[in-house]
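The following pair of complexes shares a single chain, chain A, combined with chain B in the former and chain C in the latter.
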Partner chain A sequence: MSKPRIGIFDFACCEGCQLQIVNLEEDLLGLLGLVEPVVWREAMAETSDAFDIAIVEGSVVREEDAARLREIREQARVLIALGACATLGGVNKIRNPMDHGEVTRAVYGTHADDPHLAAGPARSVAEVVKVDYRVEGCPIDGSELVRLVQDLLTGRTPRVPHHPVCVECKLRENVCRYELGEVCLGPLTRAGCGARCPSNGFWCFGCRGLVDDANIEAARTVMAQYGKSEADLEDLLRLFNQESEVGHGRHA
Partner chain B sequence: MIKHISEPELRAWVDSLLEGPPVYAPQARQGRFAFDRLRRSADLRLDYDVTILPPKKYFLPQQETLVRFTREGGFESAVEAEPFVLFGIHPYDLVAINQLDAIFARAPGDAHYLTRRHAATLVVLDVETVSEHHFAGGLGQATVDGNRDFDAMLTRLPDGSYVAEARTEKGRTLMDGLADAPDAGPESLAAREEVWIRNRKALRKHRLTMAPERIPELLADAHDHPIWEEKGALCYSCGACTLVCPTCYCFDVRDEWNPGLADGERVRTWDGCMFTQFAAVAGGHNFRKSRAARYRHRYFRKGKYVWDMIGEIACVGCGRCIGACTANIANPVEVYNRLQEDTP
Partner chain C sequence: MVATLDLHVKHVTRIEGHGHIRVRARDGKVEKAEWQVPEAPRFFEAMVRGRRFEDIQTIVSRICGICSVTHTLAAVKAIEDALGIRPTKQTDRLRVLAHYGEQLESHILHVGYLVAPDLLGHPSVVPLVASHPEVVKTVIALHRLGNRMMEVLAGRKTHPVRLQPGGFTRLPTEEDLRSLQQELTEAVPRLTALAEVVASLAGALPAFTRPTESIALVNPPTYPFYHGQIGSSDTDETVDAHEFERVVNEYVTPQSTAKWARWHRDSYAVGALARFRLNHEHLMPLAAATARTLGLTPDCANPFFNSVAQVVESVQVVERSLTLIDELLTTGIRDEPRRAEARAGEGVGAVEAPRGILFHRYAFDAEGRCERANLCIPTNQNHGNLQHDIEAFLPEILDQEPDRIRLQLEMLVRSYDPCVSCSTHLLDVEFV
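Then we have the complex of A and B:
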């Protein structure tokens, strides 16, 4: 089989998810035996317009970016949204409900009116073009991308965890963050990270988006039993899940 | 062989065991307890109330390799286990292990489970500290009664000394290091009886209002009871109740390739009937689509289906599900008592 050509593209983000691909190290070499990267600004000098699979990182904040993304979509046979900014809009969406002028002035000061900073609301990749597959997380777990590419190459249906982070947390025999007096989004968030945050001293921030059939109503009801309020829950959801999107449940 | 030993003698014996095959025993973890590889006897917490996960993880690991394969079609079964000691199992957890023994031994037998099980030496420990959710007493599982399969048993007496009893050849070998200790006399054996009598009463933090044998009958008539909807409405489908359950053993099997697709492994992982996709089949049909249907299934599984299969209630009263459920809907005693109340 001829190796599929891969293009890796970045939009508004910290590019940390691409870095997770570089960080695959030995596993990256295995992956490179299967695919041929032709566009990858973070790791390659050369570039090309001919690719089969587009891996897109970041959220879309300007119209010119949306236009570039549509071109990538035209070209790609398969488009993969990589990481929370691409799949959910990510932390970039925190500013969406705020006054845009105020936000821009707070961040860029006297440069606020520079034309290249003329950004609109942050959008996920799926809000602009059709997304075929998603690799969730902030940042992604590189092994999940490897598995997705393997599944595409071997003709298997890619497997997405349909259960919440609690499952992986229990498998690791962690003490529940609620028992430690914290609000944790583990019960509402799609698994796949191996419960990384709860295993390393933090609650779950929800960076992988809501799980299928997330029981937000239960979460609201349960807060009081832990001496917490619905506002505590909403605060935490604001980070990655303040706006629902295509294919995801709405929490408010 | 029944010995009466002091706490320091017990610790010295445990230290001597650490020179042999791995010993897994209860230890502290963030204010809770977990079975883990024991490195020194000082870390051993025989006063633990309940561990986060049950000791089933040593026979049915969270993830295990069943087969290794290559792209060319080669494969080899991965049935491997080194001898180990599982030290400090509470009686209710032993009952659960023995239930799994019966289930995994059913023809054709699960070689992966059984190989690990045969490699193990089981040391039971009578409960010293009752947890806030223990209800094993109401199920008759607070102490080791009847014909159970284990190798040795420890009981802490009120004066702080221990009675150690070997039940099998493996148990006697394990207790070689106690050969010089005095045999337990009638007084210490009577004190041990007292501990058992106390535990049968004390491990009733939630009170079952019926004899356990009644549960299968109650369930048979409760398919349409409103409790499934009421409780299920708050279910996160996170499966915490099944994952921490000592008698739950459902698993998923999948193939994982190594990055270059040259070879891979067939792995088995824990699964659970509370997950939304557990009963999903090819073609997109899901036999238990609603939270209520999944919630109900779990209680039928615990209280009826396993009973129909091996004649035992698949609930031993450890209370882990009650504590693990973030939504606080997983108390089996509450469910079965409610069915009892509503059944004429």
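Then we have the complex of A and C:
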């Protein structure tokens, strides 16, 4: 059987998730034994339209990018959304609720109306085309992508955690950030990262998106219990989860 | 001789972000030679408005995956400046160590994965795995070490979490530092091997020169990435980072919609070669010897040699990390509480990204919420200089085959190690 051909594509983002593919180091060589990259602008000069699996990072902010993404979707048998900008819209969505005229003037001043700077609201990849699989996180953990590709090649069903980061954080015996007087999105955020940020002494800011049926009422109770306001929770939700029920509140 | 040429290189490959080259020549005369940036705008200066100072690092780290420690440190320095926080000596040293990790990781990625294929005549690093396995193994080992440094010091390889205003959210242990020191020691012969490979291939770099102004941080007697004032190869005057707008002098040109930067000339260059030109006297011994092996001199006016300067700096940061860890272990790692309280104020942070000097400025209200931000990114400062290089270089190679012209122009763009995903700002922010 010939190796599946992979295309790696980027839209509006920091390209940090592609970097995690390079950061696989020797394991990247192993991955290259399983698949054949045919498009990867950041790393390769060659290009091709013939790919089976499309790996897409970044958010869509312009119609020309949406059109390019639709073309990629048509070519690909399987499309993987890579990282928070692709799966959620990521930090790119922070500006969505803002007045766009003010946003462009803040950055581009008197050039705000130049046509090449026109940009619509940031959208996740799934808001433009059908996404088959998602690798969450900002940035992704490269090993999650490798596991997904291995699952796809061997016909296994990829496993997605349905519990919050709190579960992994407790297993690592971290002191709860709420006990330290902070606000943390661990109770609401989808696990799978090994509670990496709380384990490094920082609160969870929700880069993997909210867990299915996130219990926002319970989060409100925890907030109240620790003397925190809903506005404190919103501040964090408006980083990666702009459109969550609570994060949306202030601008609805 | 190729008298007529119409070349449009869309989405130059093996660079971070998107850029086009547009070239047209007729009857042996260049009619158009343009470097264009079509990257989707991202609006970070607007995104941070109204945010708590505690959330700024989380947002602006995402400007760039490959300079995330540098953006983090520029922001943290600016926030501390605004809030009147003085970091401890230990905090400074550990931050510098994390920052060295990013320089090493980024330089090795650029030289090993993005530039080496050009020098060895391949379209990507993939065929090098079979043709030059030892080189690829060396590159991977050094690249991993840069990442390891960021992981140990900053908590993650990309988008650090431990580097926050007021200090570290979690400190490395002395054991962590000793194991890092061991890995750094093992890296020295690998760097020597890499420098030898690059020395043997440097002849493949085009012999193009165009003297320009180089701008970088200076802080004698050190080779600085994190501390210092703004220096220039055209003057002995140094400028405090708080006055960076006086150096950058952004201006509009009809040829490009992106703003360009100039100080004493029509454009200036930032990055490894600029830093080397200004600070070469303060290199550590092995780094200085590597510069000699590679034939890199302070009067170098060949932009293609930026990649060579990156090799010298890779040696410099490894060599300096070894002594820095010695200093840290001699003092011992002390538990220091992290303090950062909100207050109204404005602050600036200037640090060296792998691809050149970076400035962040923020103003905060009394609750510590961001009122304004101005982020001035190295690749933006290089756009004008790259444009002028293309204009000067193209007539010199116009008699060559179109494919060869295209390759050499792409190599010129790559030599700047552009990071276009973070540079898509025109920056016309009014700061009063």
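Descriptive notes on the structure:
Everything below uses one rule, namely that the second predicted complex is superposed on the first by the 243 of 252 C-alpha atoms of A that agree within 3 Å, B and C clash if a C-alpha of one lies under 4 Å from a C-alpha of the other, contacts with A are read in each partner's own complex, and residues count from 1 in each chain.
One rule holds in what follows: a contact is a pair of C-beta atoms (placed from the backbone, for glycine too) under 8 Å apart; a residue touches a chain by one contact, two chains touch by 3 or more.
Worth saying up front: this structure is predicted, and the values here are computed from it rather than measured.
Superposition of the two complexes onto chain A shows chain B and chain C fitting side by side, with no clash. If you stand at the C-alpha centre of chain A, chain B and chain C are 110 degrees apart, rounded to the nearest 10. When the two complexes are overlaid on their common chain A, residue A:Ala119 makes contact with chain C while staying clear of chain B.
Looking at the shared chain after the overlay, A:Gly90 reaches chain C, while chain B stays out of its contact range. With both structures placed on the common chain, the touch criterion links A:Asp212 to chain B but leaves chain C unconnected.
Of the two partner chains placed around the shared chain by superposition, chain C is the only one that A:Met98 touches, whereas chain B remains out of contact.
Looking at the superposed arrangement, the partner reaching more residues of chain A, out of chain B and chain C, is C. By the touch criterion defined above, A:Arg77 lies against neither chain B nor chain C after alignment on the C-alpha atoms of chain A. Of the two partner chains placed by the overlay, neither chain B nor chain C lies in contact with A:Lys3. Closest CA pair between chain B and chain C after superposition: 10 Å apart. On chain A, the surface touched by chain B in one complex and the surface touched by chain C in the other have residues 26, 29 in common. Of all the residues in chain C, the ones that touch chain A in their complex are 11, 13-18, 38-47, 49, 51-52, 55, 58-59, 62-66, 68, 109, 113-114, 117, 123-126, 129, 140, 143-144, 147, 155-159, 161-162, 164, 168-170, 252, 257, 410, 421-422, 425-430.
The residues of chain A lying in touch with chain C in their complex are 11-20, 22-23, 25-26, 29, 32, 37, 40-47, 61-62, 65, 90-92, 94-95, 98, 102-104, 106-111, 114, 116-117, 119, 138-139, 196-197, 200-202, 205, 235-236, 239.
On chain A, the positions that touch chain B within their shared complex are 24, 26-31, 33-34, 146-147, 150, 153-154, 159, 162-164, 166-167, 170-171, 173-176, 178-180, 186-188, 211-213, 215, 217-219, 221-222, 225.
Interface residues of chain B, counted against chain A in their complex, comprise 29-32, 34, 52-53, 62-63, 233-240, 243-244, 254, 256-261, 270, 272, 275-277, 291, 324, 326-328.
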